[in-house]
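Take this structure first; my questions come after.
As written, the chain order gives the labels A, B, C, D, E, F, G and H, with residue 1 at the start of each chain.
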Amino acid sequence: MLGQGKTPEQVVAIATRLAERSGRLLVTRVGADIFAAVKEHLPDATYHETARCITLDRRREAPVAGVAILCAGTSDLPVAEEAAVTAELMGCAVERVYDVGVAGIHRLLDYLPQLREARALVVVAGMEGALPSVVAGLVAVPVVAVPTSVGYGASFQGIAPLLTMLNTCAAGVAVVNIDNGFGAGYLAAVINRLAVSEKRD
Amino acid sequence: MLGQGKTPEQVVAIATRLAERSGRLLVTRVGADIFAAVKEHLPDATYHETARCITLDRRREAPVAGVAILCAGTSDLPVAEEAAVTAELMGCAVERVYDVGVAGIHRLLDYLPQLREARALVVVAGMEGALPSVVAGLVAVPVVAVPTSVGYGASFQGIAPLLTMLNTCAAGVAVVNIDNGFGAGYLAAVINRLAVSEKRD
Amino acid sequence: MLGQGKTPEQVVAIATRLAERSGRLLVTRVGADIFAAVKEHLPDATYHETARCITLDRRREAPVAGVAILCAGTSDLPVAEEAAVTAELMGCAVERVYDVGVAGIHRLLDYLPQLREARALVVVAGMEGALPSVVAGLVAVPVVAVPTSVGYGASFQGIAPLLTMLNTCAAGVAVVNIDNGFGAGYLAAVINRLAVSEKRD
Amino acid sequence: MLGQGKTPEQVVAIATRLAERSGRLLVTRVGADIFAAVKEHLPDATYHETARCITLDRRREAPVAGVAILCAGTSDLPVAEEAAVTAELMGCAVERVYDVGVAGIHRLLDYLPQLREARALVVVAGMEGALPSVVAGLVAVPVVAVPTSVGYGASFQGIAPLLTMLNTCAAGVAVVNIDNGFGAGYLAAVINRLAVSEKRD
Amino acid sequence: MLGQGKTPEQVVAIATRLAERSGRLLVTRVGADIFAAVKEHLPDATYHETARCITLDRRREAPVAGVAILCAGTSDLPVAEEAAVTAELMGCAVERVYDVGVAGIHRLLDYLPQLREARALVVVAGMEGALPSVVAGLVAVPVVAVPTSVGYGASFQGIAPLLTMLNTCAAGVAVVNIDNGFGAGYLAAVINRLAVSEKRD
Amino acid sequence: MLGQGKTPEQVVAIATRLAERSGRLLVTRVGADIFAAVKEHLPDATYHETARCITLDRRREAPVAGVAILCAGTSDLPVAEEAAVTAELMGCAVERVYDVGVAGIHRLLDYLPQLREARALVVVAGMEGALPSVVAGLVAVPVVAVPTSVGYGASFQGIAPLLTMLNTCAAGVAVVNIDNGFGAGYLAAVINRLAVSEKRD
Amino acid sequence: MLGQGKTPEQVVAIATRLAERSGRLLVTRVGADIFAAVKEHLPDATYHETARCITLDRRREAPVAGVAILCAGTSDLPVAEEAAVTAELMGCAVERVYDVGVAGIHRLLDYLPQLREARALVVVAGMEGALPSVVAGLVAVPVVAVPTSVGYGASFQGIAPLLTMLNTCAAGVAVVNIDNGFGAGYLAAVINRLAVSEKRD
Amino acid sequence: MLGQGKTPEQVVAIATRLAERSGRLLVTRVGADIFAAVKEHLPDATYHETARCITLDRRREAPVAGVAILCAGTSDLPVAEEAAVTAELMGCAVERVYDVGVAGIHRLLDYLPQLREARALVVVAGMEGALPSVVAGLVAVPVVAVPTSVGYGASFQGIAPLLTMLNTCAAGVAVVNIDNGFGAGYLAAVINRLAVSEKRD
């Protein structure tokens, strides 16, 4: 559930219903005040401060490796963590690579072994948004690109990285909405589990 | 290889090199004249008229089912076929569903059984671009959405369906560039084969 | 009267003049503070909290059925209610269908009987804005589409749903300004009453 | 059917099917060459040169008055006529007022008696797009506004009149896509017939 | 001087220097707090609340008639008054016509005699911005059009009326920046005085 | 009359009517072929090749000095000449200054004496559009700025110079539509004659 | 380091690490509160109030002349100073020319001797952004142009001057992001030192 | 001289004048037909087919190394070559690196030794435009970035790479207009010669 623009009462009402029905809960884009209200009714809920998400998971499943999430640092962390928390709630173990940027290409190359073990990558980038292209040139699995609204001037609240990602010269990249960490984490988890579930059959 | 904007000589030179090196070839966005030039050097190449693609595949692998491609009709066919031809060259059998639109929702519902057998869907749409959202609400696998530049007026050469798709309220959707049938077919094939390859292990 | 951007004094002055002249009053986009000021001079005025409107109706006419208003939920309610309150003040009984979205198409289909009884539909949608197209494919009466500024990222304060609606592939749809619930409710009421008034003749 | 972007063969195939099924046919945005092809299979089809439409109507119904269509002159005629032909095929008699502009307000005022007899107005305008607002201030029935791509410079292929119309200060106006004469004529006819059909009941 | 974005100290410093040098002063877009600071140093300065301007004029010249300023009402007043105060400081007597809009064309026609006495008109309009075209169709003198950022949704902070005005079908209209009442008042005064000064020669 | 988008027959019909009624004629944006058709019916008409205009003037009035038109050179000539021809037809003698640009400021300064004799200036500029600001800083009369669609890349068919001119830091500048030489020449002539007519009184 | 969007703790952590490693520090876009936190850990750091930067330089090198920075006044000072502080930290002596604008061209010409001594110029401008073109027409060295978000209306937060600068008719100009004083100062310093370092060899 | 939009006669007239005055000539964006006309008057002129430029250089100076030009391949060659030809005419020896892209980062790394010998780099890129950022992260000299209009869909004729480059996270990058190879080559040559000329002193 997108918590943004909802009152604490509205969030609590929907959250308790969702938690009961499915044993799982994800509320994105909420502050600590909303969490406090939810916590009263769902004491086993957890708040993820950087991701600004509430989660709850009453099912007990072992996480499945296969999702890696990359970004360039401090400013993109909230979106990257929203993606990570989403994928984790959907049963994935997430490899976080949070200090790589296109202007320091050698650091990215150092991570190649980890990246090549993933079945799906989420690459989060603001400003120029070039990281997904460079990453997709190095791996053979799907790359879900997330532009962020971080930046100033001609980044136009995320339009610049959005366009960069849509125009990628690398194959295997698809894009979600600006700041949509949830959508990217969800899609990466779906791809990862698709492979795993067939494996198990 | 993107054939658009290249001379016949340039296409022939790159195409013969690619065919030799990998035993496979895909040239997108070329007319029959370019194909004639390629055919002289690569007699086993094939031209796909609607898709405006040249392919060649000297490997002999049985296609793997799991990719479905949807669009609303005549105008979106070139992009849908570019996606289909790409996925086929990458070893996938493609289910084509080419007459479904959001203003005739019942026809789409009739195809549900076929859609639910796919591991990855490509949904192509111009003008309003709402089809991927409706489809993603009906299936549980990744949907790769492709906006097309078909339309007039406020479709702005594909900006309208691009924005619709990026703003989808359905989870599991990611978007590629306007008219980028190749990118969508490639990504769907990667997702499909990822699952299959693990299954085989 | 659009209350937004006016001082309480300005609203009170215009409101009392309008109420006297026509026996009816509609002030849109005002907070409870403005209502308090109006209430002092017009004690029979009513405040609609979700719609953020003040109304007053000294005429006593039986409402005429024929207008239905649809939206997908919590975030679009203020605009949908602005439309509903407007149509009601103009003498229409309004059918509210507030929990239907394109990613859950079956719920919408459940409402078909109600929708087919209306003479005019107002369909409110943010983000991707695809609901009016789907609805117009199911009915044969005019659909007034209202894009909302709800959303984030590439919704661009309502540009995305606005473009979606303008590019609709369904016939019988016309569009009003972003968030213009008033305009949509007014137009639906005019269409409804046009039919009814002739009937009575 | 939108003829634009279809081959003569495609148009003929769809047109003959539609004509058989419903006894009526409308093909928009086609040249005389396409009409020649259609004429061979459907000898009772008619070509409207200014509107660039093909129509055929095997039903024999008396047209119902109630639709008026306005524009400022030569450049907007194709779109206005597309609207007129559409409304006529749907059984409406159309009042054409084709020489009124906002910079010559007195000529518009001369037409007031005719305008006030209509149940629905289509107002077509390019460049500044102000005509619908002025007209809607003079009548009490729905105004369907159609921006046209006619103009140059900052008209941006119809964006300028589109924005003008969406921002109208007059109530009772709704907007369709740039150059969408068909959509406007269809909607006006639906509104007109809605009133008439109830009257007849 | 544009006061916006300057500290009280900066405004006072520049204002006192300007007042001394020329005996006249105009500071636009300032609040009452800045005026308080200026008043301490320039006790003969005046604050215009609606226009949000400070003026001072130590020269004693009789104002010259010839400038009229039009707008549609409450929301556009600050910009209209900024234009009026500017033209007055430049020695013009200003005719204010502040309650005319394109959706109520008859009220505008009532003012024709006054409008036809002016040598230059400033027409201020937000939302759809159609007023300058209608006015220019009624007079034979220059019309300076000022779009305002008032409005919501697809007015895009004044882009809609700006485009409307640039695309005017009426001759004799030129446009200044969004909300630039100063520029319009200045230009109208220059045109008015140009005529008058020659007359006196 | 704007000739663009009209057939030779339409132009001839309107042109002969206008010439008869007023003894004057201006048709803008027409090629030599249209002129040939007009010439047959109006043998005293003249074609201005660079301006792409047809004029005819059966009244015999001495031209009045006071309008100067500036541009940077070859590419902007058609628009500058459209302005010049328009002002001349309206009875003004035009001073042409066609080789001045902001990157060669000294050449502009050499023309100062001529510029300061004008009552109204038309300044035409493409690409960066900075010339009107520089010119307006040097004179005390109205400057009508005309952006042109000349250029490439980020000039966006005239949006760049249009924005530059709207944002001018110089007072006394107003802007007309991109490439609208007619509008600028008309306005400059109106301003010039306004002054002259009063002088004569 | 871009301080904007970082917490005091984050800035302090990165700043102390940078200062230790390189003996130099630059933090841009921070307020006095962040400086207070940094000062506790780095007592030899300096705060530049107008530039909103923190600097620290433990190396002792004589500054090298060759960089000049120009802007039009009060509103552009923060960006100009960010450029100046950056260039100074990189070892350049900076010539500040902060009161020149295109509407007062003579003042600019007075500075020609100083400008012609520089090896690289940074020209900062908001609103119309024409200053870099005029300056580049007067010198033969690289001009780094910085658009600022200062302005209102059609300046669109810096888009207007950005487009002006990209479309410059003067050779030798390159552009950085809106408000990117750091980038411009850095580039000018690199160019200046490139020349100097070779000279010393 | 920009040849685009000029007639052969206009180009010949300006070209012969320039060649005589300075002994050098550069005409950009011209076809072979224009060259044929120029060749008749200036037999020592040369045509560069890929760059679409005419050059002539009667001075005999040894070229100075220090400029490198990079792009990703076939589509960007015309712009890259326009830059190269410009820098060569200005006395520079140019290192061409024309097969490097961000999706194949290892190939770029192979060129590092050559890149690090340059004093100024021109990096040309279309579509996503990420190459300048990656390159600037690897060198310490100025990078002049040139976006190209090559691409389709959301590249929007070069807006996508333009925004990417303006938002670069790498220091030392400045941007010129879309497709402006001349401007980039000119600027790189100025920077290169600045260093060299001081060295010689």
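One rule holds in what follows: contacts are C-beta pairs under 8 Å (C-beta built on N, C-alpha and C of every residue); 3 or more make two chains touch, one makes a residue touch a chain.
Since we're looking at a predicted model, the values are computed, not measured.
Following the contact convention of this document, B, G is the list of chains adjacent to both subunit A and subunit H. Note on connectivity: the fewest steps through touching chains from subunit A to subunit D is 2. Distances between chain centres, each the mean of the C-alpha atoms, put H farthest from subunit C.
For subunit E, the chain whose average C-alpha position is most distant is B. In this assembly, the C-alpha centroid of subunit E lies 48 Å from the C-alpha centroid of subunit H.
Taking each chain's centre as the average of its CA atoms, subunit D and subunit F sit 36 Å apart.
Subunit E has residues 153-155, 159, 162, 166-168, 177-178 in contact with two or more other chains. The chain pairs satisfying the stated touch condition come to A-B, A-C, A-G, A-H, B-C, B-D, B-H, C-D, C-E, D-E, D-F, E-F, E-G, F-G, F-H, G-H.
On subunit E, the positions that touch subunit C within their shared complex are 74-75, 150, 152-155.
On the subunit F side of its complex with subunit G, the touching residues are 72, 101-105, 109, 127-130, 133-134, 136-138, 151, 153-156, 159-161, 163-170.
Interface residues of subunit G facing subunit H in the complex, by the touch rule stated above, are 119, 140-142, 144, 162, 166-168, 171-178, 182-184, 186-187, 190-191, 194-196, 198-199, 201. Those residues of subunit H lying in contact with subunit F across their complex are 4-6, 10, 147, 149, 158-159, 162, 177-180.
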